[in-house]
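Both complexes below contain chain A, partnered by chain B and then by chain C.
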Partner chain A sequence: MRSGLTFFAGLILLAAGQLALAQNGSLGLPKTVEAGAAFSIHTTGSGKGVLYIVGPGQILRRDVQLGETLSFAPGDMHNAGHYLVVLTGGSSTENGAFDVTAVHQATTLSFIAKPSRLPVDLHDGISGVVYVFDTFHNLVLQPTPVSFQLSGVAGAPQTRTVTSKNGVAWTKLDSASKEGAAQFEARAGNVTDKRIIQQVPGDPCKLKMDVRPDGQQLQLETEPVRDCSGNAVPDGTIVTFTEIYDGGQSTVDVPLKRDIAKTEMPAHKGATISVATGVVMGNEIRWGKE
Partner chain B sequence: MTGRILAFIVTLVTVALIVVGTVWPFQSALVTAGVDSGADMLRPSSSPQAAVENLATQIGRRDWEKAYSSLADKNEFEETDFVRDLAGSYPSLRSHASLDSFDVRPQHASADDAQVKLNLRWSTVVGTFLDTRMLRVVKTGDRWSVVWPLVKEPHVPPQVIAVNYLRWDVIYRGAEDDWGAQDVESPHVRIVDMHPVDRGGGVVIMGELLNEDVVPAFVNVKATLLAKDGSALATEDSFDKISHVLLPRQVTPFLIEFHNVALSQVDSVHMQPSSTLVAASADPVVEIEDQHLNPGSQASLSGKLLNQSGQVVNVAHVLGTFYDNTGQLIWVSDGYAERALLPGTPETFAMSVPPDIASKVKTERAVTTTYSSNRFQ
Partner chain C sequence: MTRRIQKPILIACSVMAALFVGASGQPTVRVEPTDSVGPRTLEKQTETAVVRDYLQAWHSLSAALEQNRTDLVNTDFVGTAKEKLSDTIQEQTKLGIQTRYVDKAHDVQLVFYSPEGLSIQLVDTVDYDVQLIDHEKPQITQHVRARYVAVLTPTEVQWKVRVFQAEPE
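On to the complex of A and B.
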């Protein structure tokens, strides 16, 4: 008997709450708002209330006079995303939601260019990825044309235009045949970002050395070391000289200096002297006669 | 009851051993234990063997003054020469070594002259090395004294050696840089050879790594053995069996050991070479000359290191790569030069090679990594 009475009282209270909410009316919310733009929310009903707007990284609280229109200044809402609106007035609460979208015009680009250093003459060796952001660092999901340009030290620049998808645009380009620093530029509207791609010589080609006697020693010297496109292999590259003679061997790793590597090794009659760099073999010389 | 008797016997034997060890201590053990109670623990030099043992004990204690004063030929050189002979003139493995143990082997003796072989086993951070000296011991009165065969460290005359080799410095991306900002690219390295073998109750993976970039790299190689079901059996890295700093186009061998894993358990191997761009110098250049493979039961690769630059190299690490007659990589070994490499001064090195491997070796290749106290390379 007692529990039946409690259930009945609960039903009465719920009905009263619904009635109060109906008297306060509904929220007039925009469907979408562009980030940073001014907007307004219309309220109905009477009395005082508090409006809460909760979104990604941002919460706003405003005291409102129910029945009036609440205005928000430009820049009040700048993070793109889904926002929840809660209006409390008296004993009632009203909910709503709207979306804040990124500004359609790109203002910032996050440009990732990889690799920052690669050998010359590599097909599709360079990749560029651009993330398009608006002035408030919101990802611009609206398709945006992005142009990529790679201009090297020689030859015509390579250009590609790609339309961004879900805020991202990417492309692949070839490295030039001539070594040097290339400018890799991405442009969306009037916004540009630039990266430097270092194009370095490839594997050495036609490694060749000469030998000349110098007392008990042999002077070993390579010709200028170049890759197959004619680029000078950078200084510091290791060139290995190996001398194999009767029952023994001598080895020395010499760094290139001004395009050539040179060293001294003991003179052994009948010795075979070879030169290599990395996995590239050069010529072989047989010194003297046994 | 049996347990009590056993405990009593163990206690009795332990006490007896402690008494024996205290009353008649083993000379070599004293050195290892770092006993520094002075000459009271030394035997009188009444025999060639006792004289050499006393000298070795004093060397082990680094009691250079007493060791030097006990020598028969001390008038022929200074104490500093004696110290330099044993500890080196420049910081090196030898100067930071401690005497682990020694043994004395009399060769022949007459009434007042004897020949004794002294093996000094020095302990260093990279392992032990053996220093063998053939000593002449002479009798003066009733005492025997050692004639020390001094190995004089070469002296490099004052001079200026112009060095203009390349040096690479690196500026990395800063914390304040934007998320998309470019960083310096890691060097591109590649494994050009890899060969797993079943050996000594475990698996050994050896290979060669090439720096195919134009910048220096700090490299390491990690390997994971995978079973047939894809699970990882073990993961190891090359630790010190690799030349960690690779200049452009330089090749290093590497060796990774897995203990207690049979090759038959392994379905595949996952290799992970890693590289980091580091500041480095192309100097010093070290020539490895007179490399000889010495076959036999204690096979080794020996040779001489010649520092062609003007900088003193404190520690030189030599890695040897061994190939069979088909050009297949069959072993990787390493060794260290005990003494610092002075400019233009040859210094010997040796590395052991398993005898069964040595008999198959057709060609070998050696590379060095050097460490200087004022610079890392």
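On to the complex of A and C.
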């Protein structure tokens, strides 16, 4: 029983000794390496060994002559991450770790601009998000200034500069008051990326119709339908005419054509005719008051 | 007689069950309060789904790197993260190496939820063990603590990891 315990204690001491050796090993490791940069690892001892660099992003295995310095060429380690280094050879195993960091210079931007189409004059209506990547597609976690610019068909461009945090920068901008395509650009260093944002007219600001008798019919026609900034509401927008008369109701949906909607409805004496589009109500006409 | 045998069997089964649970024990997970995540409001359901899918991604990563199977990363990774992991698996296969990642603890902090809801970023301080196996011979098992930055994007049914990168603590 006692000999068993002694053996067990010996094993623990041996394991602790191995651990101490591993932790105090003389692997000459850099603390950090920039992605793609050349670096070297110094080994001690004699004989042959194998060096492993292990991480989810990359793995390397090199045969080494212990005591020599192992050189890694530019590009050998290109994926940012935390790497475990293991050197086996002789009677012991040494290990350590180092980090590969992204190249600080942005090479690629992942630029998400939303929405691609929105009404004019919308406060904070456009959002831009940029993830900054280096040449090896590593996320650049170093704070990086990113400038956003939205230039439309009229007016001065809107510009914001945001410093990225954890590799991401974002902003929100207003849509312009004039319809048309706007260019949304993100820039980090020398890298730019562009998106086109279509700014379309907003809801009609006011809706007014006129009525004209034509035999047993009434000719109904709206004035040009525009949004509150004066932009013409797109053709195809549905305008609804409703006629309520004694004991009945008629409804006609008409698409806008060249800013105007027109239709004809039966002329009922005492009828009330109204017009609407979307949530906007127009004027009301009472025909042939009794 | 039968009753006398049953009791030891029951105890043995319980011990085995406890060992099994211990061996396949889930990592401890701590999620920092998400009050300040923005700019988009983060609903509790979204938070739960993101953390669940991220932890599942670790599970897939572990299995894929241990079995050297690139198909296992398809479910939970996408884009750059998937490509880089697949490259590592292919390299491991070529070298005759397997790595076993066993995550022990996660301290997750959701840090960014994009305005349009198309990406979410988290930072995770992970404690995990890495075992290196070269031609089926275990070389070393090492405990690692690292800070990971992950960006997840939504797909039809789940969040997938698009960026997965450790940074110096």
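Everything below uses one rule, namely that the second predicted complex is superposed on the first by the 261 of 290 C-alpha atoms of A that agree within 3 Å, B and C clash if a C-alpha of one lies under 4 Å from a C-alpha of the other, contacts with A are read in each partner's own complex, and residues count from 1 in each chain.
In the analysis below, a residue touches a chain if its C-beta (ideal position, glycine included) is under 8 Å from a C-beta of that chain, and two chains touch if they have at least 3 such contacts.
Computed from a prediction, not measured in an experiment: that's the story for all the values here.
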Open item on the list: Following the superposition defined at the top, how do chain B and chain C come out on chain A, clash or fit?
Closed with: fit
TODO: Please indicate which partner A:Tyr131 is in contact with in the superposed arrangement: first for chain B, second for chain C, both, or neither.
DONE: both
Open item on the list: Quick check for you: in the superposed arrangement, does A:Ile112 touch first (chain B), second (chain C), both or neither?
Closed with: both
Open item on the list: Let me test your reading of the model: by the given contact rule, A:Ile238 touches which partner, first (chain B), second (chain C), both or neither?
Closed with: first
Open item on the list: Going by the contact rule set out at the top, does A:Lys172 touch chain B (first), chain C (second), both, or neither?
Closed with: second
- [ ] Please indicate which partner A:Gly152 is in contact with in the superposed arrangement: first for chain B, second for chain C, both, or neither.
- [x] neither
Open item on the list: With both complexes superposed on chain A, which partner does A:Pro266 reach: first (chain B), second (chain C), both or neither?
Closed with: first
- [ ] Once the two structures sit on chain A together, report how near the CA atoms of chain B get to those of chain C, whole Å.
- [x] 8
Open item on the list: Please report the chain A residues shared by its interface with chain B and its interface with chain C.
Closed with: 112, 114-115, 131
TODO: Would you tell me which residues of chain B are touching chain A in their complex?
DONE: 164-166, 168, 178-180, 182-185, 192, 210-216, 247-251, 282, 285-292, 303, 308, 364-368
- [ ] In the complex, go through chain A and note every residue touching chain B.
- [x] 109-117, 131, 193, 195-196, 200-201, 203-204, 234-239, 242, 247-255, 257, 263-266, 277-279
Task: For the chain A and chain C complex, residues of the former touching the latter - done: 22, 31-32, 50, 52, 54-59, 61, 79-82, 84, 86, 88, 93, 95, 97, 99, 101-102, 112, 114-115, 127, 129, 131, 133, 137-139, 141, 165-168, 170, 172
TODO: Could you please specify the touching residues of chain C with respect to chain A in the complex?
DONE: 39, 61, 65, 80, 83-85, 87-88, 91-92, 95, 97, 99, 101, 111-112, 114-116, 118-119, 121, 123, 130, 132, 134, 139-140, 142, 144, 146, 149, 151, 163-168
